[in-house]
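I have a structure here, written as structure tokens, and I will follow up with some questions on it.
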Amino acid sequence: MTALTLYALTGAALIGLGLYGLIAARHLLRRIVAFNLLGSGLFLYLGAAGARGDGPDPVPQALIITGIVVALSASALAVGLLVAGARLSGRATLPEEAE
Amino acid sequence: MTLWLSFVAAGVLASLAGALWRVWRGPRRADRMMGAQLVGTGGVAVLMLLAPLGSWAALDVALVLALLAALAAVGFVKATSPDGAGDPEEEEETPRRKADG
Amino acid sequence: MADVATVVLTGIGLFFFLAGTAGLMRFPDTFSRLHALTKADNLGLGFIALGVAFQAATWREVALLALIWALALLAAGTVSQLVARAALGEEETR
Amino acid sequence: MTFVLDAVLCALILGVAAATIAGHGVFRAIVFFIVYGLLVAVGWVRLGAVDVALAEAAIGAGLTGVLFLAAYGRLGREGAGGDAPAPAHLPAAMAGLGVTCALGWAWSALPLPDRPGPQLAEALPMSGVENPVTAVLLNFRAWDTLLESVVLLAALTGLWMLTRDAAWGGRIGLPQHVRPDGVMAGFGRVLPPLGLLVGVYLVYIGADRPGGAFQGGTVLAAVGLVAALAGAVRPPRIGATRWRAALVAGPLVFLLAGLAGAALGAGFLTLPPQIAGAALFAIEVALAASIAVTLAFLVLGPPEETITR
Amino acid sequence: MNALVVLLTLPLGGALAAVAFPAGVARGAALAAAAGTVAAALAVASEVAAGAPPRIALGGWPPPLGIALAADGLSAALLVTTAAVMAAVLLAARHTMAAGLAGPRIAFGFWPLALMLWAALNAVFVSRDLFNLYVGIELLSLAAVGLVAIGGKPEALAAAMRYMLFALAGSLLYLAGVALIYAAHGALDIDLLASRRPSGTDALALALMTAGLTAKTALFPFHVWLPPAHAGAPAPASAMLSALVPKASFVILLRLWTEALPDEASPAALTLIGALGVAAVVWGSLGALAQSRVKLIVAYSTVAQIGYLFAVFPLLPLAQAAWSGVIFLALSHALAKAAMFLAVGQWMAAAGGDRLEELRGLAQAMPMSAFAFALAAVTLAGLPPSGGFLGKYMVMTAAFTAGQWVWALPMALGGLLAAAYLYRPLAALFAREGASVAAPSRARQAVPLALAGGGIALGLASAEPLALLANGQPPIQAVVR
């Protein structure tokens, strides 16, 4: 096993973990955190794939940087929705999933 | 030299597992944040050790990491203050939230 | 010569990191842990920076190493004070 | 030995990720996420992707972590600070495991394709910069980056729509208060000048070496955040004209540069090699400024104080 | 300057202006940008119709290094429909989203969000690069979530949050597929991928991208976020969200399955997608039948109408007519659904709510917008002579040509169900009870009427749109069974 395989498999495992958290978690902040794990695992996988062959390929790196910024924007909006929702409802979960 | 530096880097990383145990255990939020702080310093150390191995540009990453770790610590202190915007050194009763509704 | 210095200094750095972790795990309360931690990781980082500096090809890199260490020192000093204050107001739960 | 290093790092990353998802307590999950970002940044350096490592260190470990910490603080303020326990979820576990196994299998089945390497090597001298990642971001795939800068703006506009009507026109974020002669206030005065230097440095070197508008802009945003949280500066009011101009400056300069290419007959987003270097530098500076302001506003969140009109 | 470039940059420029300038100026700038964008969409369509479809390698860098943009018949048809819907929506919003009526917050946010949404739609319709499409749909989703939340009510915020979660998960699954594609082929361009050397990982990549995009399109069983989100937004926002936003992810799916990776379209996978489409038709229609608020009825109807679009997938590799038919369905749904939401918005402003009993007899006070709703209902139910009828007719013909008449059934069944769930609001509207309300001016009522008329006209004057679509229609695959 090479080091690249190690990172790719770590990425794949992170994607699975993130997907689990995104679906299974109730607390919305946990879900947003899981979304970020999922995204970063995906980037790790793509980055490992791009580092194969001779020398790292800059194209995936640029795509990943774009993806990281997009993920932060989305997280910020999601966090805003969560806080605004909690202010009105006093809960940090979706209404249908409240205990 | 590559061998030694990787060994030290791996050692520092392995030592961080202990810090992670503290993050998991707590019991106070401050304990968890301390653990994170040690991981931050450890990460900076590992990046320094990687610099002679691959590219010295790793030092730029270390610089950013050190700077942003400080931001995270300020964020932590703010988040644990009663109204989410205070300072633990303030002596008077922190003003309650002014927002209504 | 430079290589020997690097090996010795980074080795000492590693020792301090291990010691800091041990302190963080073993000391009984938040404040003693904080005390142990700050010393250990600042010293550890300092020795590692110094050790790596012996491998640097240019002065720019040495200066960068010094800057990073200074920044980490400043941040750690401030943070430990603030975290200690924050911990004072917090009961022993989550 | 380097393999052992990578193995230890990957094990830590996975363990931290698992600890983020599992266990009780939102605060612990957030702290683990911050730690996760730190470790992944080291991983990117190991993969030889220093540009990504810079972005991950600044955004993943830094701003996103502070965003979540601030959200935790705000939830506590709204009386919603507790965790919501989630029972084990079998379909979710199967979905996660399935995707992981599928991607793990795909890794072994992936062919090593011809990549745009040769075209890139040929085009790089004409792109105006020497760092290939910056060349891809700002020149070869400039349309992605232009749209992305608008994504940031869309997120901020959407976020501002979550302001209570009574707080519209107020100062951005929570009303921060600190002890004027305290440690935090002092920190807020010392760190920003240093950070400013680092941010400008990263934007400046981005043309030739790892760094650039996104990484530098994020560091600048972090500087603004430290200053705001520590009470050294007061965030502007939500409608302040000057700051709105700062928000659109980056995308606008980018758009105008692209249109100038079209007007001169070269084509949309085409930069003639003679001026590409200067044009990209101008775009980087404007973009970094807009990214810094937008990200800082995104993390600070909508205004909270009630405005009496 | 190139019409395609104007089409992409003008809404972006308008959005930037709307952020930078104070509310009054912002609205003017937004409307001016909208007028120019409509003209640019028509210009691009006429270029395509004239047999000279525009194509740009951005920055002068051809793929795989750069990003290619190209307009074909499919893009042109969607660009023009989008321009029509957006023009109507912004005209309607000119009044209701002004600071005086909506408050300074909404007056600030609506215009930039609407223009960003438009810019994202245009970008998605002409992009040939899979990662660029990802950035496009992210911009689209964030603008759309902002528009759902703009009302500020608790239900709207919860709906926006739910929408956000589906959108986030969907875009990352799509991106996972894109990552696999790049890892296996070193290219992201649709045309390059069409002539790629197949890799064993392509089926997985297509499955991931499809799963992500169907979550974003709200295909059954990923539809739960849609009705509350579309019903919770202000009427002009609902019109954009329901009529246009699902079309973006649908078009990407269509291009993936017919242009980029048609060789991976296995009959079993197509049948699964088709079955989910049929389930969506049934489930959405039953949901619409169970509602007592018009906005929710119209929103559930979108779930059902999206079902049609996917029920056609099994026919795509078998018969040429299926492809044009599904696009006709998408176009007429866009026009009719926007007309319905704009009409409902006017009634809500007049009657104070959208419960069926609150709308009784409104047709007497607002005959034009009531007629618009009725015309739109004709299109949605697929009755002649509407564009919806023509689309279904083409699909059903394709089903019989291909010898797969099963896929004709949902078209017929869905029409019956649509007639059933649209009957109740129509009966309430045209009830013989006088309701005395302050009706909006005829000019404002004419806006939804024009859109609904467009849905009918699509069926009456189908020759031009059909000829337009023929430009760049992907050939059907040699069938492998």
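We just call them A, B, C, D and E in the order they show up, numbering each chain from 1.
Here is the rule we use: contacts are C-beta pairs under 8 Å (C-beta built on N, C-alpha and C of every residue); 3 or more make two chains touch, one makes a residue touch a chain.
Predicted, not measured: the structure shown is a model, and the values here were computed from it.
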item: Chains in simultaneous contact with chain A and chain B; value: D
item: Smallest number of contact steps required from chain A to reach chain D; value: 1
item: Centroid comparison with chain E (C-alpha atoms), farthest chain; value: C
item: Where chain D and chain E are represented by their mean Cα positions, the distance between them in whole Å; value: 31
item: Computed distance of Cα centres, chain E from chain B, in Å; value: 46
item: Whole-Å gap between the CA centroids of chain A and chain E; value: 27
item: Touching two or more other chains - residue numbers and ranges from chain B; value: 16-17, 26, 29, 33, 35, 60, 63, 67, 69-70, 74, 76-77, 80-81, 89, 101
item: Touching two or more other chains - residue numbers and ranges from chain A; value: 15, 19, 23, 45, 49-50, 57, 59, 63, 66, 70, 73-74, 77, 81-82, 84, 87
item: Where chain E touches two or more other chains at once, by residue number; value: 131, 135, 138, 142, 145-146, 149, 157, 176, 183, 186
item: Chain D residues touching chain A - in the complex, by the definition given at the top; value: 2-3, 6-7, 10, 13-14, 17-18, 20-21, 26, 29-30, 33, 36-37, 40, 43-44, 46-49, 51-52, 55-56, 59-60, 63-64, 67-68, 70-72, 74-75, 78-80, 83-86, 88-89, 91-93, 95-100, 103-104, 107, 110, 112, 115-117, 120, 132-133, 135-137, 141, 144-145, 148, 151-152, 154-156, 158-159, 162, 164, 214, 291, 295, 298-299, 301-302
item: Touching residues on chain D, where the partner in the complex is chain C; value: 25, 27-28, 183-184, 186-187, 190-191, 194
item: Chain E contact footprint on chain A (complex, rising order); value: 15, 19, 22-23, 28, 31, 35, 38-39, 42, 45-46, 49-50, 57, 59-60, 63, 66-67, 70, 73-74, 77-78, 81-82, 84-85, 88-89, 94-95
item: In the complex, chain B residues that touch chain D; value: 2-3, 6-7, 9-10, 13-14, 16-17, 20, 23-24, 26, 29, 32-33, 35-36, 39-40, 43, 46-47, 50, 53-55, 57-58, 60-61, 63-65, 67-72, 74-81, 83-87, 89-91, 94-95, 97-101
item: Of all residues in chain D, those that touch chain B in their complex; value: 1-2, 4-5, 8-9, 12, 15-16, 19, 23, 27-28, 31-32, 34-35, 38-39, 41-42, 44-46, 48, 50, 53-54, 57-58, 61-63, 65-66, 69-70, 72-74, 76-77, 164, 166-167, 174-179, 182-185, 187, 191, 194-195, 198, 202, 205, 209-211, 215, 219, 222, 225-226, 229-231, 304-306
